[in-house]
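Following this message is one structure expressed as structure tokens.
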Amino acid sequence: MVENRVSGEFGNNPVEMRDAFGATLVELGRQYPKMITLDADLHTSSKATMFKKAYPDRFVQVGIAEQNLFGISAGLALSGFMPFPSTFAVFATRRALDQIAISICFPNLNVKIPGSYVGLPTSRAGASHNCIEDIAVMRALPNMRVADPADGADLRAIMRAAAAVEGPVYFRIARMAMPPIFGADHKFEWGKGVLLREGRDVTLFGTGIMTTFCLRAADLLAGEGISAEVIHLGSIKPIDRELIAESAARTGCAVTAENATINGGFGAAVLEVLGEECPVPLQRIGVRDRWVDSGGIKELFTHHGMQPEDIAAAAKVAMCDKRRRSQ
Amino acid sequence: MHLSPEKLCELDEIAYQIRRLSLEMITFGKWGHIGGAFSMAEFLSVLYFQAMSVKPDAPQWEDRDRLVLSKAHGSPALYAVLALRGFYPIEQVYSYCELGGFEGHTDMARTPGLESSGGPLGMGLSVAVGMALAMRFNENARGRVFCILGDGESNEGNVWEAAMSAAHYHLDNLIAVIDYNKVMAKGFVWEEMAIEPFADKWRAFGWDVIEVDGHDIEALADTFHRARWVMPRGKPIVVIAHTVKGKGVEMAEFNYKWHTHAPDAQTADAMLRELARNCQRPEQGYSKLGAEEVKEEFYGGE
Amino acid sequence: MVENRVSGEFGNNPVEMRDAFGATLVELGRQYPKMITLDADLHTSSKATMFKKAYPDRFVQVGIAEQNLFGISAGLALSGFMPFPSTFAVFATRRALDQIAISICFPNLNVKIPGSYVGLPTSRAGASHNCIEDIAVMRALPNMRVADPADGADLRAIMRAAAAVEGPVYFRIARMAMPPIFGADHKFEWGKGVLLREGRDVTLFGTGIMTTFCLRAADLLAGEGISAEVIHLGSIKPIDRELIAESAARTGCAVTAENATINGGFGAAVLEVLGEECPVPLQRIGVRDRWVDSGGIKELFTHHGMQPEDIAAAAKVAMCDKRRRSQ
Amino acid sequence: MHLSPEKLCELDEIAYQIRRLSLEMITFGKWGHIGGAFSMAEFLSVLYFQAMSVKPDAPQWEDRDRLVLSKAHGSPALYAVLALRGFYPIEQVYSYCELGGFEGHTDMARTPGLESSGGPLGMGLSVAVGMALAMRFNENARGRVFCILGDGESNEGNVWEAAMSAAHYHLDNLIAVIDYNKVMAKGFVWEEMAIEPFADKWRAFGWDVIEVDGHDIEALADTFHRARWVMPRGKPIVVIAHTVKGKGVEMAEFNYKWHTHAPDAQTADAMLRELARNCQRPEQGYSKLGAEEVKEEFYGGE
């Protein structure tokens, strides 16, 4: 179990995920001479700029043309390079899905796809820029690995793990500064979750930035005498079947929390495991099948029922279901 | 096309107000794209106050002209001109980027007078082609569809699919307007993805091309008049409007750093005063100075 | 309960789904003068040709340009028309996802999207043409309705229901001739499933052509003394929460069967309901996260473990889980 | 470029064999696209037996030329020429469309010598741009990337995104070949989506254009020689090969009905005999006549 570094209040030395992304791009660039970062006119937003500055010769600008971005990446990968085609998540998973699927994923090419600006926090851009369906979409592609980091250290570890494995990877980057959960020594393993906090009454499965919200929800629940287990599943595909089943068997009910639509994404991934291993009452926290509006970040999390309080409330519903079913 | 001095004056004032309101919105809403709003001011003014047939009191009037803002991040300028044209009270534009208000990118459900919703670049011309086809189905010979695109946006393949089909269907009721402001989000167009020879591309895709100074109101009025009444001969028409991104405020002009960026209230105030001076208007600062609520931020996100 | 018209053997008067599609397009064209069918150079394959022949003036050919296909459809819908942009499912859901999402779905436009050549039967075209992720993808889009018909009558009913409701609809058309399950009087209701066969031991939830496979599996199970309930869920989104929960509560375990990937699609939709209403052991039948090869249709169904025999085997696993958990 | 009579004869024979094998594969595999395979026969022959540097015994040889078949439904012709060139025994092509065999659309994992996998139209040129960029990164000055596209395929916006970027990067190591056979899947190009003036489009997108009779082997050899050695001057090159869809068998020529269709064994036999006659070869029918297994069908599906 990893020490939970989140104290009662959020916001202790938060790390902007995009900065972690840029810094890790640079770190990997040093390690992998065949790495190339590509951009579609968004590098100062995504912070791929940091790579551009460090390795101008290995930075490719394709303009506002996401289909081409991924096609070119396929061609580079076929020639032995390791491309990181960088754009906003919506423009990767929606605009270039066919290219990602058939030019990259089908031949299992070594392309690492960062999806920036996922979920709610996109700085008031509104529905078209709030990527909520990418987990569902990317999970549906054979060969594709999918990961959603909880904090800067996790993102860095995921990017290292992405580079270390052959084949396509999709990972998410929220436009948000997150308080650190993990230390600098944090390791990430494909298909492995992390038990952050032990509990007896309910399991909170978090992915991405929502794991921090789960920890906070566990605090809230603890205040009411409820013992919530918190598990972070940064690796969504492959997913940690053993850990999920084992925890659910122990607590008997669960909540999933994702910074994405609740249809077919992370919650579904957990449910798919539980259906085969250990069916328990499960409530999903995420965007409830609605387009996301412009608005303040906190406002949006409240509006969409994705605050720690909402997770805590969902936990109580799940526990209630468990009691009802065991009667 | 000759414009009376009064009309010219009106259109110029509207262009000024479009810039003012856009900057006010972006400042108050704490988000948005100044550069690409400012570059559109003159042609939006001419379109909505001279070239296009619309009825603000009957926004669904069947025979109206349509306008699709394909570069949907230019929404503040469009929200401004629609307000000025009377589609809704001006004060409403300050709901821009508020939860439940006018959306960051265009959302028809929120703003009266919008003809489409958008956000991702490159998609609007196809929508406009659909509207132009619909006018043909409805045997509406007078109606026109206008579609505004960015220069960087023309990197998108979807634009060329739409362009090819517009020529194939001989849609001379379709007029594309390119805001050729030479700058995209993170640099100059010729640096990031060169598009020249740009007019040749459109011609080769079967369009009639008119190039115009996108800040010259008389030339714009003349251009849209020709496009609407003189030129229709079986081809769609593209107006390549040569503009200056951020036009009107020096530090934003031609500068990708003001592509997307909300100034703080002080900066906005100074920018608005400079804008007024540059436009020979009485100096006027940021109207919400001091009045703006402090918008919460979460985990340090901008 | 609907009378099960499938006798012991398959193949009684099978109806080619594409013919039902073309015929229903023509029927709807008569009823809706504002209906327009659009095509991207595939109409004789999809059988949209039948509409083209009947109403040449309301048929729009856009060439091989799927992004434009859906953008134009949005423009037509914004002008009061009801477009049916027709192409292969892969080229709708992968190539034009951004256009479907933002030009059509976000403003809730009245566009009806037929996805042809779904799942395994695509006549040896191979991975790039076998659409397996469309259910997951389309289900993730707010406002979108999703349906997968079991037979020709069901497809016709779904198309009528699609035209009758305002807003975007995605429906699937398999390249296959299916034996009729439903009569000509068959009605389809959004969010309503159909109980095809009552059973006590396990519920087989089928969608699309897999419902027929479920019926056959139930026959096989009956031969072993197992009483399987069969429910057809042609309406995947919205889905029939009551029927799913009620049946699962009665039988205590379930199998889902879909002609698509098992990641995030129909199986996940059922699991999402069960997690909130009635968690039971559940096995999913579908493409197990692999690209689909060229091959004979029967061969492919066998290769991917999607035959009635596989469904029957899965049912036994689910029943075994149920027994184990109740001990 | 002068070709010796022997070389000319060889290339002509290869083209004939490409057509023969394609038809055999499609018939035996019970699926496939005859028209677009036949139209490519001559230029594939010239590419693989004259213009391109490849080593069948070292398919991963680093300095080889690359070929991306963007119109991936033309796979049978490519499988044929790779077999003839020695990448694998000819008999292997008969695994086409069998479970575990050569795939309907190109799948690198299954067929040696393939440089990419495909299926959806419009994507290959981007992949080729990536390869051409990679050659630049690797300072490989001799290497060339060839990319074959269909004429109908050029409706796809992705093609123009790629085209724009190839010019932007000055990729004169990239040679696109358009199989301009005037027919797409369901009709003529000019009927379904007109692409003319086609050469102008490429020129406006910054490419050098060569138009050539795509069935004239000498002209093709000369064209590829010029494209490779004479013309490189900072621009990508497109070879617009004017061809006849289905070329070689009358009933398939210029006929969209043979775009995708597998003939039965009898029809294939007759077609192959006609092909032989048209090519002044000894008559030779379908080699698997009678030998083909009956392929099962399921629920009446074709």
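Of note:
Residue numbering begins at 1 within each chain, and the chains themselves are lettered A, B, C and D in the order written.
Everything that follows uses one rule, which is that a contact is a pair of C-beta atoms (placed from the backbone, for glycine too) under 8 Å apart; a residue touches a chain by one contact, two chains touch by 3 or more.
Quick caveat: nothing in here was measured; it's all calculated off a predicted structure.
Between the contact lists of chain C and chain D, the overlap consists of A, B. Interface comparison, A-B versus A-D: the pair with the greater number of contacting C-beta pairs is A-B.
Centre-to-centre separation between chain A and chain B, using Cα means, comes to 36 Å. Computed centre separation for the pair chain A/chain C is 29 angstrom, with centres defined by C-alpha atoms. Rounded to a whole number, the gap between the C-alpha centres of chain B and chain D is 44 angstrom. Look at where the CA atoms of chain A average out and do the same for chain D: the two points lie 42 Å apart.
Residues of chain A found to touch two or more other chains are 62-63, 65, 67-68, 90-91, 94-95, 98, 102, 106, 127-128. Multi-chain contact residues of chain D, defined as those touching 2 or more other chains: 107, 117-120, 122, 155-158, 161, 164-165, 168, 193. Because contacts link each chain to all the remaining chains, their graph is best described as complete.
By the touch rule above, chain D contacts chain B in their complex via residues 122, 155-161, 164-165, 167-168, 193-195, 197, 200-201, 203-206.
Taken together, the chain B residues at the contact with chain A in this complex read 29-31, 72, 97-101, 103-105, 107, 117-122, 152-153, 155-157, 184-187, 191-193, 260, 295-302.
Partner chain D is touched in their complex by these residues of chain A: 36, 58, 60, 62-63, 65, 67-68, 70-81, 83, 98-99, 102-103, 106-108.
Touching chain A in their complex are the following residues of chain C: 90-91, 93-95, 97-98, 101-102, 106, 127-128, 132-133, 136-137, 139-143, 237, 261-265, 267-269, 271-272, 274-276, 279-284, 289-291, 321, 325.
Across the interface of their complex, chain B is touched by residues 10-11, 14, 16, 39, 41-45, 61-65, 67-68, 90-91, 94-95, 121, 123-129, 175-179, 293-301, 303 of chain A.
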